[in-house]
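What follows is a single structure, and I will ask about it in a moment.
Chain naming follows the written order as A, B and C, and within any one chain the residues start at number 1.
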C-alpha cells in the first residue's frame, strides 16, 4: 500500500481552502505551512498563455531525502498494517517511511529538532515547529502526515474534505482500482526534474499549458546535506536544557526593570 | 537598594511585612475571576464536540457549517455533512471564521467617543449608558426634525431586525451597499426585462455553453456557485470569458475575448445583431415570449461585426465564433447575469443587453439556462404598521427629487450624503450605521467624512473596528455570525439536475459571545424600550425572532437542532415541464426586449451602448475585482487569510512594463487622474494576461484604520482612488471603473504607455 | 505537563512569606484589571504608594502621587488609558493582555496557549469562572499565581512563571513599551516585571 494524493489542476480554482483547513486542523504556527498554494501566471508557456496554481504539500516520496539524514538515535520500531494486522519491525531514527502505508512520519518524542530533514527536503515541506519545543529542543520537525490520524478514524485528509473543486483525490496508489491509481494511468505526475527524482507520491494532472507552468516550480537540485549542522545538533543535545534555562533567566528583569531603575534615577 | 533583591529575599526583609502594607485589605474587597474547582482529569477536554447550526457569513453565500468545539473554544469549522449546498466543503474564508471570532482587535464593550469624530478617544461604558444615550439622542433628532432626520446605512443579516425597527419609526432613507455598489442594476435591469430577479441562479452545471462577461468565478468564490461552474466544465460545456484580463475563469476558458474595458454592451449588441441577421437565434421562444423583436433588430443593426470588433478591439472572427457557439447550444446556454455591476455608470443598459441576449437564446427555465429555483418560504418579523405625520415613502429623497425610477430598494448613497451636507430638502442629523463600512463602500471618501462631521449624533454597531467606527459617538459591539441567531438560509441541492430537494437552515450560534458582545435583537429591543415602544416589540429575543420566521415553514429552532441544523424536504425541478409555459412578471407578462416603462421615463427603451471616457495619455484604467480569499475589506484583518494573500498585486501588461522599466515584484504605489495617491503600496505582477489600456488590482486591501493590526496598510485601496464616479439616471448607482492611474516607483511618477 | 504537584518537592516556605507573596500577586492582578469603582479608590492608590515606598521606589511613588493630584478623576483617567492600551483604540489597541496573542503567532485570542494555560490552572485545582474573558488574561494569570503562592506551592508558581507567564509577558512588554507613558500603567507593569523576576 502506498498512500498518495492527486491534484487535478483542471479543477483547482486556487481558492486556498486546502491551506487554511490544514492550518485549522493542526493549529500550525502562522509562520509555517504544511499545505501551501502558489498562484502562477498568467504567463506564456510553449503551449499558450496559462494561469494555474501550485498546491503543495509533503510528497511522501518513494526515496525520501529527509529520512536518511535524521541523526536521532535509531531504535527498533514495530509497524502494523492497518488492513491485515501484519507487523514488521525495523530500525528507524526519528523519521521514517512507513513500510505498510508508505507515508513519511516523525516521532515527535525522539526528534531533536535539528532541522536536518527540513534542509534535506527539496520541496521545503518540513519546518521545525517551535510550539513543540521541550526541555531538550527548540522545536520539533513537522510536516504533512497525509492526515493519518484523521484517515485512521475514517475521515478524509482535511485539505481533501474542504476542497470545493474536488481537485484533491486521496487514496492507495498500489490499488489499481483506486481513483488515484486511475489518475496516474491518465498521466498524473510528480513534481520532478532532471536532478530531483525521489519518487513524489503527491501527483498533479492538468492540461499541457497548466502543467508547463506548474513544472517551473519543480526543484532543480537536491539540497546539499548540511552535515555540520546535523553533527552540531547531535553534540548539543545534552546541554539543550541548560542553554534554555540561561535564555529564560535572561528574559525577565532586564528590559523594564532597567527602565524602572532609570526612572528612579531621573 | 531594593532593585538588587530578588522578590523572595525582598519578602524576608522587614519592610514588606504584611502589617506594614495594607495589601490584603485591598485585595479582599475585589471579587476575583479565579476560583477553586474540582480537578478535571487531564485529557477529557481533548475530545471535541460537534456543534451544528452554523451558517457562514465570511461572504454572503452562507454555506452551512458545523463547529468543532473543545472546552468552549472553537477549534475548527467544517461544512455541515447534511448540507446539500456546500456539503463538507468550505472555502478559505469559511475555514478562517475562527480567526474572526477570536480576533483581539474586535470590539468588546460598548464605547463612547470622548474625543473627536475620525480621531476618537474611547471610554468603555455600560450597556445601560450606551443605550440611554442612543435613545435620548435619536429621540431628540425625531423631536426636532421628525423621523426623516435619521438616516440608516446597513448591511448583513443582523441588520434586518434593526431596519424593521427604523422603518416602524418612519425613517425614510436607508442605504445598503449590496444594492448600490454591487448588485443593484443586475437585479433591477433583469426585473425590468424578464420580470424576475434571477440573482445568480444560472444552471451552469447542465449547460452546453457558458458566457461570462466580466465575471471571474474562481476569484469570486461562492462555494456552490463555483461547484456549479466546475460541473459545467466537467460536463463539457464550452466556456466563453469576456474580460480584459486573463482571470481565473479565462484560464479555464475555451474562448477568451480580450475585450477593451467598457465596451461590453457593444459586444453584446454585436452578438445579437449577428444572431438576428443570421436568424440563428431561438425563434420559437422569442416569437412566443418576447416583445419588441423587430425594434431590437433595427436598433442593433448598426453593430456589424466590423464595427463591434473595432469598438471592442477584438478580432471580428471571435465575435462570429462566440455567436455561433451560443446559437449552436441554445437554449442550454448559461449567460451569467453577473453580480457586481456598478462599473461605468451605464450598466443598467448592459444588464438589459445581457437579459435580451439570454432571451434570444431562449435560455430560461431550461437545463443550462437561467432558472427560477424553487425555495421554501419562511416568514418575516414586522413591527406594527403605524401612521406617520409624514409618509416615509413620500419623504424618501429619491422620491422627492423624482429621480432614479429604476433604483433598487433604499436611497442612493450619494443622494443621502448630499442631503447630510446641505440639509436640503430637509436636514438629516443622526446616523445609524449597522455593519457596513461606508467609508470604504461609497466612492469619494472626503465627501462622506464631510457628511458625517455634520451630524448631531452617530451610532455605529459592528463586529470589528472598521474604518467607519472611528466616526461613531457611541460604538456598540455585536456578536459575530458564529455567536448569534439570525439568518434563515433557504435553498436547494446545488446541481439542479440532481433529485430536487429543498432545505432550510437557521443561523444558530456555535459558541457563546465573549466580553459584552450582544445580538441585534437585544440591542434594538433595549433601544425601543427606552424610546417608549415597548408595547410594540414584536419578538422578545433572537431565538424568538428566528422561531417566528421559521414558523411559516412549520419549523423551529428546537426542530432544526434535532435535525443537525438543516431541514430537508422533497423539492421541485426548476425546469419547465413539457407543455408548461414560462411566466414573466413584467407589466406585459412577456420578456420586454423593448421596454415601454423605460420609454415613459425617458430612458432608452432598447439596450443602448454609451462610450465610457478613455484614459488620458500616460494613464491606464484601473479595473478591480475579487481576491478568492477575501470578502472586500471585511476579511483584511484575518490572520490566516492575510497570510495566504497579504496584498493585492498590480497586474501590468508585460510589454508596457518593459517600456517603463518595471520588473515583476517591484514595489509601487498609484496616482490617479486627479493627483490622488494611494496611501499604501503593492507589488507588480508583470504579465501578458492583461491589456495595455488597463491595470488590475483586487478590491478590499489597504485598510487605513490602524486598529486593524493585521490588515493595516497592506496593499492598495482601490476605492481611495475612485475619486470620480458616474451616476446613472436609471438607478442612481455609481460606476467606479472610470478612474485612471499611473505608477509611482521610488517616489518617481511613471506614465503607462497606452 | 511535568508538574504533578509532588508535595514533598515543595520548598519549605514560611507562612508569612507565602501570604505576602500571595497578597502581592493579588494586588498586581488588580493593577491590570479594568479599573472600576468596586476596588479602584483612594485606599487602593494609597496602598500602591505605600508599596512603592517600602520598595524604596520613592520617585515612582511620587509620580503616582503627582498623577493622582493632577487629574480631575483618576478613575476615569485610568479607565481611558486601560481601554486604549488593552481593549480597543485608535490608532490601535496597543497590547491585548492575553498570552495567546503573543505566543501563537497569529495574533489571536483563544489559541493553543489559552487552552494550555487553562489546563494548567485546572491541573492545580483552579479554573476561570464567571467570565467572558479568555483564561490567559494577565489578570487571571496573576490571580492564579496568588492562589498558588498562598498554598505555598512555590515550585508550581515558579514553573508557571517561567514556562507560561514570562515568555509572553516579555513580548507583551516589547509591544507596549513605546506607548507606556501613563504613570499608573508604567509603574504597574514595572512592578509586575519586578515581581516575576527569576531567582538567580
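As a convention for this text, a contact is a pair of C-beta atoms (placed from the backbone, for glycine too) under 8 Å apart; a residue touches a chain by one contact, two chains touch by 3 or more.
Please read all numbers here as calculations on a predicted model, not as lab measurements.
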**Request:** Would you mind checking which chain's C-alpha centre is most distant from the centre of subunit C?
**Result:** B
**Request:** Pick out whichever of the two, A-B or A-C, is joined by more C-beta pairs in contact.
**Result:** A-B
**Prompt:** What is the distance in Å between the mean C-alpha positions of subunit B and subunit C?
**Reply:** 42
**Asked** At what distance in angstrom does the C-alpha mean of subunit C lie from that of subunit A?
**Response** 39
**Request:** Find the geometric centre of each of subunit A and subunit B from their Cα atoms only, then give the gap between the two centres in Å, rounded to an integer.
**Result:** 37
**Request:** Quick one: which residues in subunit A touch 2 or more of the other chains?
**Result:** 27, 30, 257, 260, 264
**Prompt:** Considering subunit C alone, which of its residues make contact with at least two other chains?
**Reply:** 57, 106, 111, 194, 197-198, 200
**Item:** For subunit B, residues that touch 2 or more chains besides their own
**Value:** 639-640, 643
**Prompt:** Once bound in the complex, which stretches of subunit C touch subunit A?
**Reply:** 57-60, 63, 104-106, 111-112, 161-162, 166-167, 169-170, 173-174, 177, 186, 189-190, 193-194, 196-198, 200
**Complete:** Touching subunit C in the complex, subunit B uses residues 1-2, 6-8, 10-12, 15-18, 20-27, 29-40, 42, 45, 70-71, 73-74, 99, 101-105, 107-109, 111, 114, 119-124, 465, 470, 512-516, 639-640, 643, 705-710, 712
**Prompt:** For the complex, which residues does subunit B have touching subunit A?
**Reply:** 3, 75-79, 86, 88-92, 94-96, 98, 217-218, 221, 223, 226-227, 230, 233-234, 246, 248, 250-252, 628-629, 639-641, 643-645, 687-690
**Fill in**
Within their complex, subunit A touches subunit C through residues 27, 29-31, 131, 248-249, 251-253, 255-257, 259-260, 263-264, 266
**Prompt:** For subunit A, which residues count as touching subunit B in their complex?
**Reply:** 10-11, 13-17, 19-21, 23-25, 27, 30, 37, 41-44, 49-52, 161-166, 210, 257, 260-261, 264
